[in-house]
Every structure is written in C-alpha cells, then in structure tokens.
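There are structures below to look over.
Across the two complexes that follow, subunit A remains constant while its partner is subunit B and subsequently subunit C.
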Partner chain A sequence: MSASLYSVAHSLVAIVLTAIGSVLPSPLRQGITNAGLITALGVIVFAAILLIASMLNTIVLIWFERKLLGRFMDRRGAMHVGFAGLLQNFADGLKLMRKNTFRPDEADGLGFYLGPTAYMVTSLILFGILPVSTGWNSGVLPLSLLLALVVFSFAPLFIFISAWSSNNKYSLMGGMRSAAQMIAYEVPLLLSVVAVVVVSGSFDLNTIVAQQQNYWYWGPLFLALLVFVAAMLAEMERIPFDLPEAEAELVEGWNTEYGGMLFAFFMLSDYVRALVGSFLVVLLFLGGWTMPSWVPSAATSFPLAGIVWFMVKVYVVFAVFVWIRASLPRVRTDQLLRVGWNRMIPLALLSVVLAAGVVMVKCLPIFGCLPNLGI
Partner chain B sequence: MTEEALTPQTSGQDNPVLWVVRPMATAARQFLKSLVRPSTIIYPFERLEDPKFREEVAVAAGKPIGVGAVWDNYRGVHALNIATCISCNLCSFSCPDLCIEMVTVPGGNPKHPKKCPQIDYGKCSYCGFCSDACPEGCLSMTTRYELSVTKRSEMVYSPEKLFEVFERKLPMNPIRLERPANEDAILLDAPLCIGCNACARDCPTQCITMVDIPKPETPPGAKAPRRIWKEPVVNDSDCVRCGTCISVCPKECLFWGTRA
Partner chain C sequence: MSEMWINMGPQHPMTHGLWNLRVQIDGELILDVDPEMGYLHRGIEKISEDRHYNEVVTLMDRTCYVAGMAWEHLYILGAEQALHLQPPERAEYIRTMSEEFQRIASHIMWYAAFVQDLGLMSPFLYGMRDRDLLLDLFQSYTGARMTYEYMRVGGVRNDLPHGFTDRARKVLDWLIERFQEYDQLCMGSDIFRRRCDGLGVLSARDCIDYGVTGPMLRSAGVARDLRKDRPYSAYDRVDFDVARATTADVTGRYLVRMEEMRQSVRILRQVLDWLDHHPGPVMAENLPRWLGAPYAPIGREGYLLKREYPKGVGFAAIEEPHGEAAVYVVNQGGEHPYRVKFRSPVYVNLSAARKYLVGYHVADIPPIMGSVDVCVGESDR
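Up next, the complex of A and B:
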C-alpha cells in the first residue's frame, strides 16, 4: 500500500468538503474548504477508520476463538447466526447493549464506571500506536514500542479500581490477584522485549520490522519469544494465567458485579488486548508485514499485501494462544509467581545475553546477517 | 477418544516440559480429528436417526448396522391405530401415571360408544406399559421425540392426534406378549350368576356367549331363585384379558384364574 491511511482519510475529507463547498455561496465555501478544518476532520476520520477496523477485527477474533475452541472440544462453535456463526457476536453484543447496567448500592460510583471505561480506552489506544503495514500506521513514533508497553500495562490498575469499587469480595480477590500477577509477568515481559531492542537497536516498531528483512527474530531469539509469549498470556489474563477471572472459584473475578454494556466493555477489551498481544508477537518476532525473500513476489506485491500478511500472522499467533487455552489448566498464584521469578526472569536475562551475542557476531550461520540500516 | 488416551500416563511426571507439551499434543490430536468432523450433529437440521448416521451409531453401539440402534426400541410419542382399537381400556388400566383417559370417538353405537385413549404427555413417563398391554398392537411407541409446545393443553394428545402420528409410519416397536390360552382366564362362580348378560354385552371382543342352562327342579313350597337361566361362556382364545366383564358384573361372580 503506497498511500498511508492518514493521507487516504485526509483526501477523503478534502473531496467531500470540496463537493459540499461547490454548491455553497462563496463565503461559506471559503470557510468549509479551509485547510485547518480538513486536517482536523482528516484526523477524526482516520481515528474512526482505525476504531471501526479494530473493533471489527476484535469481533472476528472472538468468533475465531469460539470456532477454534469448538473444534478443540469436539464441537462446532457458533453455527447459525450469519455464515458459520460469524454474526453471533453481533447478536450477543446487541443483547448486552439492551440490558440494564446495574450498580450495587454500596459500590463506589466513580470507580465503578471509570474502571471499565478506562480499561476499554487504554486498550483501544494501542491500535493507534501499533503499525500494521507501511501504510496503516500512525507515522514515526521513535519510542512506539515503549509507549505500547506502557499503555498495555495500565490495565491491572483499572482492573483493580473497578474491582475495589464494586465492593464485592470476589471482585476484590480478582483485583488483588490481577495486581499480584502483574508482579510476576511484567519484569520478564520487559526483559524479553529488551532482547529484541538490543538486536534491532531501536524502540520504533517500524524500524524493528524493517530490521527483520534478512531473518525474523523468532529463530535467534527463540528463548525471548518463549518468555514473551508466556508473559503475554499472563498480561492478557488468558488461560492458563486467568487467575483474576478464575470463574471456577471467584464467580467471574473482578467483573463479577458488571452486567450489560459494562461487562461488554470488559469482554471486548479482553479480546482487544488479546489481539494487541498477537500484534506485538508478530511485530517483534515474526517480521511484521514483511515476508521472507523466498516467497514469490506475486504473493507479496498485490495491493494491501502487507496488511493481509500481517493479519494472517496475527491470526496464526492467536490460534496458538487458543491452542494453549484449550490444553492447559489454570495455575495457582504461587505457581505463577514461582514460574515468573524462578524460571522466566533467568531465561529472559539469558536471552538478553544471547541477543548481545547476536549483535556482536552480526552474522549467524543459518539465518544470515543483520541488515545495516545505519542506526 | 480412545481408552488409551484416557488412562493417566505415569512416566515423566516430574518433567515440567511434559506438563505443557503432553496436553497440547492431546489437544492438537483432538483438533485435527474434529477438524474433519466434530462429534456434534447440527441437531434441528440433522438427526441421529437420519440414514447417514445409521452406520456410525451402529459402530458406536458395537452392533451390526441396523440392529440395536437407538430407535429400534425407542420410546417416543405413541401411535394409535383407531381402526383396530377395541376400546378394551387395558392401556388406561396399565398406565402408572394415570395419564390415559378413554374418550369417545366416532364409530361406536349409542349403546357401546367407541372409546380410545387420549394421552397427556405432561404426565407420561414413557414407560411403555400401555403399548405392552395393548392386546391389538394398535397403541405403540414411535421414534418421535419432539413435543415442545407453548400451552399445556397442547400436551394432551387426542386419539385423532395419536392417529396422525400413526399415519406418519414412523418406526414402531409393538411388543406382543404370548401367553398360554388357559392362563389369566375369566372364571365364573356359577351359583352367584344371575344371567344378566352385562358381561357379554360389554365385552369388547364379543367373546362371551350366554348359553342356556337347565332350570333345576324346585321342591314344592320352596321359592325358585329369580334369575335368567343362562350362563356366560368365555372363548379364551379371543379374550384379551381386559377385565371389563369383571368390572361390570353386578354380582361380582367373575374372577381371574387358570382354567383347568
């Protein structure tokens, strides 16, 4: 894709405003085709396209998980609403929208409503940060990886706020677990990202992807990938690390008291975060939107090829997450902490050392050399 | 899933890598298997009794195809053949849930209205006693199992509705009990009988004939018993053992027994 998403949005607004302006008398025309207005509306349209595309993707992701989990459990998953149940989630969403949102008497109003909203917003912001292809991105953010990880790790705070203000023992326990869990996964997660940053020499996701033109990082940095995926599972609160939800013991964990649209916010944000987690794995370890050189150029040069390949990789990564969810039981908090501190942190440190080694030797036997992008 | 896959594996229990790898391998195997065809059937659109599942069901039951399949002795909604029903009441007698009521259907005469069973499926326990008891094999259970309705009154199936089920020609399992002809016969305590003809009149199979008996000589002065000098004779091979005669007899002189 040659034109960037923002320039598409910008020219779309310009065309529409010029068309409207052409039928208006001249003073109004001057006002409506003003460059500042076009830029402002362009940004809004850009954000709207991002929002709609990411929401649609999230909903398809939920469908994808339901279908895959079904097959893992020898069933079929959603079947009847839309083609192969594709519209089932929209029906579920409509149902949740129609429901009354109910706040317990003793709950704290501000926290109760702020929690889910902030959780949703911080999850959605990530789509503005992460690039999907050379065109579909928000321009050059030199520290986009850092920004993404920071925004991503806000979640336990908002989970804790909503858990605390629901004034319910199960919610509180779920929130506490979420906070405890954060201690276990945040350090190894960041350390494994450090390995990627050491090799690529940049915090900019665009550069990190560009650096993977000769080989993707999952091979040399396999250890870092393992730690990253495990920590990511904990960060996304998916099985086997879904302790804060633990519906078998905590009713519904930190969102016990939430119903209707507020519950839908949590549910949707969970999947937004799952999608973003898969995005990060693809961006950091699987070469983003690039394809290896042995892939025939016909398969990589059609319009929107970058986006298509990126999404294919994202769904493959997510399928692995679903596979893990279908296979493994939930761990206990102490087990998670032990795995986090005793296993994952040493492994992550080791992977940083390995990454430094990769940078030192520059050329690896099977994979080839690091590109020299002059950074 | 095979037996083997379900037995716990004891080797490598202290190897944490296997804790992760083994369940994931099992899940992957299951996934690949059900990618071809999951065990779930898409129920309202396909049914287990569809011909295409016959083979699969037989294999699962470990029986030859077409034998011992679920529906071979399935106890679903009843089918009633009104034409052959003899209004014997046996079905209604045998029902442990008292859900059968005998209701009048056209086809009888004013003295002997034809009565057929009406079944309340809100009470029925699908025990099948009624169809076992039916001497004519006209009430039998079919494979039909979809009975959801929106009103309780619709749970009551009139004889006509049961006849509609019959006309669909679903697989049925009429069970006929064979018994020796002299067993459970209707016996007569002759001295009590007054020859009133009630039993012969109400017998649904008309197997009772009233035969003349000689009027005994009465000594002069003694009062002759006031009765009709006839006695019922039951044709055991036609009798369906419904007991109607026993219940209509005003003198209670009929009873069950084994004929010598």
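Up next, the complex of A and C:
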C-alpha cells in the first residue's frame, strides 16, 4: 500500500470537485477546481476519515477490553446490545451524551471545560502523527517519534488543570498524584525510547519500522521494551499505575466532578491513549506493519495487509495490558516514585548502553544484522 | 499542600456501607481520623422489645446482612437462656453448621471487597462466584439466600433436605481448592505484599485496651476465640485450631481470615459427618405454645392471652465472623423480650480507627479499613 490515506482523501476531493465543477459555468468551475481548495478540503476529509476510523477503533477496543476482562473474571462481559455486546459502548456513549453536563458552583469555568477538551484533542492528534502502514505519512514528519511523545506527555498537565479547577479535594489529590506520576515515569520512558533511536538511527517512525526488517527490536532491546511498557502503563493510567483515579480512596480522582459528555471525553481519551500506547509499542519494538520473512507472502501481500497486521499486533499488545489489569493490584504513590527513580531509570540507562552495543557489533548471533539503509 | 479535613463517606467507595471517616491529611499523610457511625441506625434493639421472641430473628438477619446466620444464632442462644429452654442436639449441630457456612460466606465477601479496594477486580468476582455456592446451600435448606429466618427458640425451623450433606461436601471440596487460588493471587503478588505488609498495625496490648476482637485480635498473636474459650452449641465436640498471626498488620488479618476459612471447612466436615449418622428432632418438645414452633401452630388466641412464664435473663457471646458479639436478653414474663442489648464487634473495632490509621498514607486507608471488615448494619444496629 504505497498510497497514503492523505493522497486517497486528496484524489477523492479532486474527483468530487471536478464532477461538481463540470456542471457549473466556467468562472465558478475554475474557482471550485482550484488546487489550493482541493488541498484544503483534502486535509479536512483526511482528518475526518482518520477521526472516524480511530474513534471506531477505540470503541471496538473498549469492547475488546470488556470481553477480555470478562473472560479473565470468569464471566462474559457485555452480551445484550448488538452481536456479543458489540453495540454496548455506543449505547453507553449515547446515554452519556443525553446527560446534563454539570459544573459545580465554585469550580473555575475555563479550566473545568478546557481540561477535558484539551485532553481529548491532544490524545486525538496522536492518530495523525503515528503511521499505521507503509508511506502513511513518510517524509512529512522526520521527527514523528519525538512529536508523538511530546504530545503524549501533555496529558498530565490538562489533568492537573481540570483537577485544580474542579475545586474538589479528591480531584486535587488525584491531580497531584498525576503530576507525581509524570515525574516518575517520563524520564525512563524517554530513555527507553533513546535505546530504539540509537539502534535505528532515526526519529522517523517510518524509518524505525523499516530498520526492523531483519529482526524486530523486542529481542535485542528486551530491557528497553520492559521499561517502555511499564512506563507506558503509567502514562495510560491503567492498573497497576492508575493511582490518580484510584476509586477506592479518591472516588474517581481527578474526574470526580465530571459527568455526562465531559466524563465521556475523559473516558474515551483514556482508551485513545491506550490504543496509541499499543501503537507505539508495536511501532518501536514489534516491527510495525512488517512481518518476518518466514510468513508466507500470500498472508502479507493482500490489499491493506500492512494495516491488518499492524492492528493484529496492536490488539495483541493491548490484550497483554488487559491481562495485567486483570491480575495486579495498584501500587502507592511513593512506591511508584521509588520504582520509577530507583529501578526504571537505571534499567533504561542500561538498555541505552546495550543498544549502543548492538550498534557497535552490527550483527547479532540469533537475530541477524542491522540493515544498512544509508542513514 | 496544607492540612485539610476530608470526608470519606457517608457515600464513598471505601466505606462499604454508610458511615463517615473524617480524615485530616497533609498531602498524602494521615494526621488524624474521626470515624462517625450511626447513619444506618434502625433501632433494632428497641424494635425487638415489641416483638415475639421468634419474630426478633427476622431483625437479626438484617443486623448484619452478610452474616445473618451468626446473628440469628447469637440471639437464639441468649433468648433460650432467658426462657430456660434447651434445643435438641441435632439442632445444635445444624446451628454450628450454619454459623460456619456463614463464616466462610462472610469471609469470602470480605475477601472480595478487600481486594477490590486494592484495585484487583478479578479476585472480587472469583469471591462472589464462590460465595454464590454457599448461598445456594443456604437456599436449599432455609429457602432464602441472605435473610434466612431459620433459627427458632428451642431449635431450628426445619431439618436439612435429603442429600444436603453430600452437596455441601462437594462445595467444600471446591472451596478448599479456591482458597489456594486466592492465596496465589494475593500472597504470591509482590505488589499485594507491598500494599499490605506493616500497615494498620494494632498491637495485642492496644487491641485488648480498645476491646478489639476477632481476626484483628488474633492477627496480633492472641489466640482468643470464643468457640474455644467459651464453647457454645456443638463447638466443644468438634476439633479445630484457632487461626493466628503475629504481625498485627493487614497481611496478618488476611492470613488469619484465610486460615479461619480452612478451619471452618474442617469443622464443617466433622459436623456434616455427625449429621449423617444422627437423625432426630430439630425442635425442643416442651415449648410453650405461644412461641409459634412448627409443631404447635400458633392460634389467634395465643396472642391475646396474657401468660405467665418463668422470668430470666440470658447472656450469650459467640465468635461472629467480625469478632466477638454478645447479647443480653431480659425476660420479664411477657411474650416479648423486656430488653435486648447487643455488642457489635465492628463498632468497637471501628472506634479504634485513630490508633491504626494515623501516620499512614491516604492510599493505605482502603486496605486498612478493608482489613477491619466493616459491616455497618451491625455496628449501627
């Protein structure tokens, strides 16, 4: 699949506008088939397709988690709305949409509404940054990995804003915990990514995936993968690191005061971030959309094969996250900080050293050699 | 952050009921706590004075809704003493069996709620699943799953149905395996141990000073169990050990309860064997007619007649799943008890909250309060 989604959207807009223009008088026709307009509309259509696709994916992801968690807990999960409960999340979303959005009297209006909106927006932007198959956005973003991580780490800031402006003690404590958590996991997360960057020699996610053609990085960089997944769990605020919204002591943590659609924003964004987190694990360590050479070519050469394999890997990674959620209790703030500073940072540094070693020796006994892409 | 008071309750996920824990915190550190109870006070003691002896049993199920059988047992022991009645031996064994089943059900319920406070969702559902088997057993011989109304002054309402003991044994075999699973999920988890070890320490001295009883006292190393120390019903005829731990913390309480469930299974196996081989009446013969035993159906005239009955007082204490519960029943000769007074172990255990909460973190409150096993219906009565 060399045609990127953007070029598909672009040509779609061009075809539609040309068709409309052909029935119009010539001055209007020239105005409507103007290249700038086509580009602008192409971007909008591209964004709309991406938004709808990623939202649908997120909702399916929630369904996937509910079913899988149900199985782990010896029950069936959602069953009644749609086939095997597939439409349950749409029903839940509709219910939340119909609810009244409520703001406490003493809450700060700007922060209260800005928090969830910005949280949602920054989470959705990530879908525009991360490639899901060959040529998705190659050449456009040479620093896409860096940009993705920067956008990803905005979230605690907005959580803190909405927590503070809620004017609720539980929310405030949840926001403080979120800030503390950010301090604990942001450094090891970036250090473990450095290991990948050292080996691949690029910040472009397309290049990083292309560099994994001989072997995926999870083997040689296993340490980095461990640190990255642990830090990612904290970044996604999932059990065992969901202490900012630990419902046992903080009711709902930083989103205690939110209801209706604003709560849905938070909830949906959490899953968007879970999806994006799984994307990143697949892109950085599991070879992205590529498959190893022993897989028969029939299984990798059908149309959209890249996207299909990519999503399969993403769901497998997410299943591991669900598994972790089903079997671990949550840690305490001080324990998270201790693990973050005392364990994860040294491990991440070690993984950078190991990555440097991999680059030095070039060829590894079992895995093979690094490809030479002339970077 | 400066110091502030927060209300954990009356509506709060940690409370498992309706009570309020006021906490003074500095950041995440607990400086002071103030438990407030009484939100669920229904005046059960006062209502009891207005009811026939057997009608009070209905209230007992509602006193602690997860340990109804134990409270029925407690009240019946006190009332029988006040009325100078003696139940047949088979009824005593059935009561022992009921209380032990209830102890397992209550402890499983505690386990489910406790692990969920730590963020573990799966064991919560495993616990509820296994508790359901016990409720099925209760349903098969009392007709109800939570509010049984099974025990009567002078015995129990009905005998066990055919094939009950075999079904019960199967459930016990299943449960023993599940206890293993619970232990692996919790004690085998490093995070669980980090969350529980050394938290909420209440030393044996403090337990005794505050009157704290039950698993909390036993986790501090004191082998105090009324089933051994002051045997009632059939407990002097069965063989079991008192579960004990020495750490006096949350892990200790967890271990004590797990061991108690295993000991309950041990007791139940003996009791079920005895029940298999000793058929007999389950209701005393010499009951006064107005008590409404199934053998002597109560008539309209029974309520209207003023009757004279030997006066007396009854005191009974049992080892309830949450601790030592006691009842004092005064019989002044009328058809209602003159006064009924309960001692709720949860009430006492909760009132020592300042002693075992101050100095820990806010995140430690759910595990610590979970390890106390709060049942608000019982503490507020």
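What we mean here is this: the second predicted complex is superposed on the first by the 370 of 375 C-alpha atoms of A that agree within 3 Å, B and C clash if a C-alpha of one lies under 4 Å from a C-alpha of the other, contacts with A are read in each partner's own complex, and residues count from 1 in each chain.
Note that a residue touches a chain if its C-beta (ideal position, glycine included) is under 8 Å from a C-beta of that chain, and two chains touch if they have at least 3 such contacts.
On a predicted model such as this, the values are computed, not experimentally measured, just so you know.
Counted by residues of subunit A touched, the larger count belongs to C, out of subunit B and subunit C. By the touch criterion defined above, A:R75 reaches both subunit B and subunit C.
In the superposition on chain A, A:A326 makes contact with both subunit B and subunit C. Using the contact criterion defined above for the overlaid structures, shared-chain residue A:P104 touches neither subunit B nor subunit C, since it reaches no partner. Contacts of A:E249 after superposition: subunit C is touched, whereas subunit B is not reached. Touch criterion met: A:M173 reaches subunit C, while subunit B stays clear of it.
Contacts of subunit A with subunit B, set against its contacts with subunit C after fitting on chain A, overlap at residues 72-75, 326-329.
Of all residues in subunit A, only 69, 72-75, 169-170, 172-173, 176, 239-240, 242-243, 246-251, 325-335 touch subunit C in the complex they form. Residues of subunit C that touch subunit A in their complex: 1, 4, 6, 8, 12-14, 27-28, 115-122, 124-126, 129, 185, 189, 191-192, 194-195, 361-366. Contact residues on subunit B toward subunit A in their complex (touch as defined above): 20, 23-24, 26-28, 30-31, 33-35, 38-40, 42. Partner subunit B is touched in their complex by these residues of subunit A: 68, 70-76, 79, 323-324, 326-329.
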